[in-house]
Amino acid sequence: MSTGRESWRLLLKSKSGLIGLIITGLIVALIVASVIGVLPYDPITQHAASRMQPPSAAHWFGTDRFGRDIFARVAAGVANSALIAVVAVTFATIVGTAAGLVGGFFRGASDAAISGVTNVLFAFPPLLLALSLASVFTRNWFTIAVAIAVVYIPIFIRVTRGPVLTLREIDFVRAARATGQSRWRIMVAHVLPNITSIIIVQVTLSLSWAVLTEASLSFLGLGTPPPAPSLGSMVYEARTLLTLAPWTMLAPGAVMVLFVVGLNLLGDGVRDALDPQSRGRK
Amino acid sequence: MPNRFKSGAIRLGCTAVAAALLLTGCSNDSGDTTPPTNNAPAQNLVIGVTSDVDTLFPWKATQFNTVNVMQTLYGTLVEFDENLAIVPGIATSWETSDDGLSVTFKLREGVKFADGSPCEAEDVKFSYDAIMDEATGAASRSSLASVLSVEAVDSLTVVLHLSAPDVVLLSNLAVINLAILSSTDTEESLSTTPNGTGPFKLQERKPSQSLILARNENYWGDSAKLDTIEFRVIPDETSIVSAMQAGNVQLSIFDDPVVAQTAESAGIKIQETSQLAYHVLQLNTVSGPLADVNFRLAIQCAVDRQEVLDTAASGEGEVTGPITAPAFRSDPKARPCPTKDITKAKEYLAASAYPEGATIRTIVSQGEYATSVNEATNVQAQLAEIGITLDLQVMESGAYVTAWLAADFEAAIALNGGRPEPYGMYNRYFISTGNLNTVAGYSSEELDTLFDAARQESDTTARANLYQQISKHLEDNAVWVWLFTSYTYAATTSNVSGFTPMANDSMQYLRTTSIS
Amino acid sequence: MSVLTHPITRRVASAFGTLLGVAVLVFIMLRAIPGDQIIAQFGIETGDMTPAQIAALREYYGLDKSLFAQFFSWIGGLFQGNLGFSARAHLSVSELSANSLPVTIELAVLTIVLSLLIGVPLGMLSASKRDSIRDGFGQLVGLAGLSIPSFLLGSALLGWASAKFSYNPNGKAFVTLLENPWLNIQQMAMPALVLAFGIAAPIMRTTRTAVLEVRSLDFVRTAKAKGVPPRRLQYRHVLGNALVPIVTMTGLQFGYLLGGAIVVEQIFSLPGIGRQVLIGIEQKEYAVVQSTVLVIALGFVLVNLLTDVVYRLIDPRVRAA
């Protein structure tokens, strides 16, 4: 196990980590700009007079079919997509890790139940699962985040349960048990810290998948409901405009790919920095 | 895009139709099912559709594409022409008794079903009786609400006995949900082997992929020019445009102006047709702020309909009042605030019980048609100017329809279907006993009286006058906020001719279409 | 070892449990989605019908029975090989799936073959010299594969081919491999390529990591020291031993493709099993969605079992044991 500072140093040292960090940083800056409202245009207000204008000094990314500034929409869209991804992954991490810990550590009936549910969720086609869940409730960004989270929960369960199974047999855990500490305490104080790096790696990878899943749901008409933009719904809505106004699709498409690339690179960097095995191979 | 036809009439391809009719007149073939051998290339038209038919039973067809397919397979007693006037179908003539309580139809001689069996008065009686039977679950049973009984006098004479005079009956009978079926057929048998009197018959069906129709040589009218029509399922509209560019598909109907524009820029011919269907902000006047007429008038005055049209539908359509049928169309200027008037809106609001404005729970469907959410956001932005907040609830079409039918909304952004006869279009909403009156959320004695009078008035001018009064009553009370009608776009490749799109979305002119 | 405690018996029992869980989940979830088949079929016209008409339709669509009765008649039917009936297509779900499943399987197989053809050599190229330009190139392609959503790539490819070359085999009526092999392969090529681009990425990464890992193992070092030629070393020793994680990853991706190709099926108008579910959800055809999801889940479980078997066959450690 390396310390937090050591990991940061390693992250910054790895090329992909550094590039990923820079790209993600830029995207975060865009999100912040959108959220605190320093951008000159509102992403939702429609302006009939300035429909489908190509990129210009006033509208950096041009305007869409409703005369909305695409730069403002991309910024708001990336904020929405990030919000959905972060909430979905956070939810999946908490639930999945807790279930994986409990199942792996306590074994027995709770483990059997948790493994059963995991198997079921794995066997259920993921996009169809998200799609059905997204149709059940009145759709908003939160219900979509929950739908995506449910798809990712079993991944987190599987990722944590395995190492926990190994850890519980390791000497220092046995030793702690021998001293009569409660099992919950051992689990939180001794087992959890040892799987943090695995979880962090999984979180960074899942973030980029979540952004893409939200985009796929948008494509099937079950993404973030308009008018609030998300990268996925923007790209989807602009597909018909590809020949008439290519910028309406290129801008959100490019930002989406960039965002996912950034997250993936960051994920790689984090894995290199945290995963002792991969570091050992260097 | 080329100039838009803005006058409110339907744009017609009359010359094309006339020419096609002339041509069909000369090319009557011998009646075998093989493609014509007189050196003419096989006439196989492919139509790109986004969804497969959901039933092959005409009485249960309600979805756009299903209705279109049924229209080519089946026939009705009377039909609409391209001006939406009633013309003969299976019946050649009809006569209403002096008291208006019975209508006698003379059937065309020699009409046959696709299987070769004759279509006679017994079949008409069988069909209408079955539609009226609740166990059948027919979609348009209510169209025959005024019919007491059906009598087959002889093989070519049918009499409908009515409970009260009903001038809209004929236009109801022209709808494919009242198709005439053979008395020997059942829903089960027709689900695999359609057997109608239309210009085409089923050749092959691959569910979710394609439906291929072949010319029906037993058709009573001029034989169709096309040998086959394939309705090919291409779920994504953009992919349909691609397929048309590559020449795999020759005809498609789009409702999204942007898709039509893209297709046009790719060299595909686009014919636009003004629709009877109307975009509307439905208000539920039963309770809350919307029960207050002044509050509703405030909403009506605060909405610039042209702006909604411009932003949501790229200006592709026409601002409308309640009645959209060309023959009776409401004057969109005849309303309390013909144009947006914030001062007046604020006056109305001040006079209402909610002078500070209120929040209105508004349902919006997503996915059913392209412009819904954009209309909603634009209306929302406009109403915010007078302090009225629309709380938009965007739903899947299934959830939306469920909420809509249960009248579980304060306001609803809707695209409601229109009919050539305004009585048939609105009676179910605005008569106090109408099936959808709870959804409409408004009724009044005056409206009941007007509708009743219109149903019994056989003089067209007098009826038009009654419809204007209905229209005025609806507008003066701001029952709903009628917004605009839009276009549909018939896209054809350059080798297709003779297709006339219609305001009721019908593709019946596939029977005169040809391909070179 | 008794039959009851044999690992294979236990695997099969657990697979049954999983499928039952999927059945319950899909059943409940469908009922929770607002609207039913009557509303899907008739839309707002439902409001124009009398209560007696609605009752007749509920009976027609089998919605009049209690949820329990619906569930058990469905499950009971499954055991008799009856997956239910689609009123829309007027075919049984078995017939529907017999048409759509081969399409998706063909697509999945082609995709996997393409992804292996792209991913494995690329992974080996990357691993052949760590942190070199080749490695950078391989990693970049992998990154692009992971980051570009398939609907973006798919629409762009189809639109471009149609507009530039009037080439759009997917605009033609779909044909099966038996009906017209040449056209079928053309119709499958673009969607398989689009999917493969995404799936090659994890395969490439797995290959790279596995090769790097195996190469650091003792026996490879020994072989190298013994003077085994590098090419032979690469293929026989290194790749042979890196196969296990690659096969695991391939199995996982194949299982995913059975239900995960919907978006691509939609863009390229392929009548596959994903679209069958999607249409079923739109039409609220409960039997279609339930049974089809179960078929996909069964496919997933079988692929997993198969991966397990292959894994046992190729893993030298398991073989040695």
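When the chains are written out, they are named A, B and C in that same order, and each has its own residue count from 1.
The criterion applied here is as follows: a residue touches a chain if its C-beta (ideal position, glycine included) is under 8 Å from a C-beta of that chain, and two chains touch if they have at least 3 such contacts.
Given the structure is predicted, the values throughout are model-derived calculations rather than measurements.
For the interfaces A-B and B-C, the C-beta contact count is higher for B-C. When every chain is reduced to the mean of its CA atoms, the largest separation from chain B belongs to A. One simple way to say how far apart two chains are is to compare their mean CA positions; for chain A and chain C this gives 22 Å. Averaging Cα coordinates per chain places chain A and chain B 45 Å apart.
One finds 40 Å separating the Cα centroids of chain B and chain C. Among the residues of chain C, those touching two or more other chains are numbered 33-34, 155, 159, 163, 266. Multi-chain contact residues, meaning those touching two or more other chains, occur in chain A at positions 135, 239, 242-243.
The set of chain B residues that touch two or more partner chains comprises 238, 266, 395-396, 398-399. Listed in rising order, the residues of chain B touching chain C in the complex are 48, 51-52, 54-56, 60, 62-63, 134-142, 191-192, 206-210, 230, 232-236, 238-239, 241-249, 266, 395-399, 401-405, 416, 428, 435-436, 439.
Interface residues of chain A facing chain B in the complex, by the touch rule stated above, are 44-46, 48, 51, 65-67, 135, 138-139, 221-222, 225-227, 239-244. Contact residues on chain C toward chain A in their complex (touch as defined above): 14, 17-19, 21-22, 25-26, 29-30, 32-34, 139, 143-144, 146-152, 155-156, 159, 163, 209, 212-213, 216, 256, 258-260, 262-263, 266, 274, 277-278, 281, 293, 296-297, 300-301.
On the side of chain B, the complex with chain A involves touching residues 237-238, 256, 258-259, 261-262, 265-266, 307, 310-312, 314-315, 366-367, 373-374, 377-378, 381, 393-396, 398-399. Touching chain B in their complex are the following residues of chain C: 33-35, 39-50, 52-53, 56-57, 60, 86-91, 96, 99-100, 155, 158-159, 161-163, 166-168, 170-174, 266-269, 271, 275-276, 279, 282-284.
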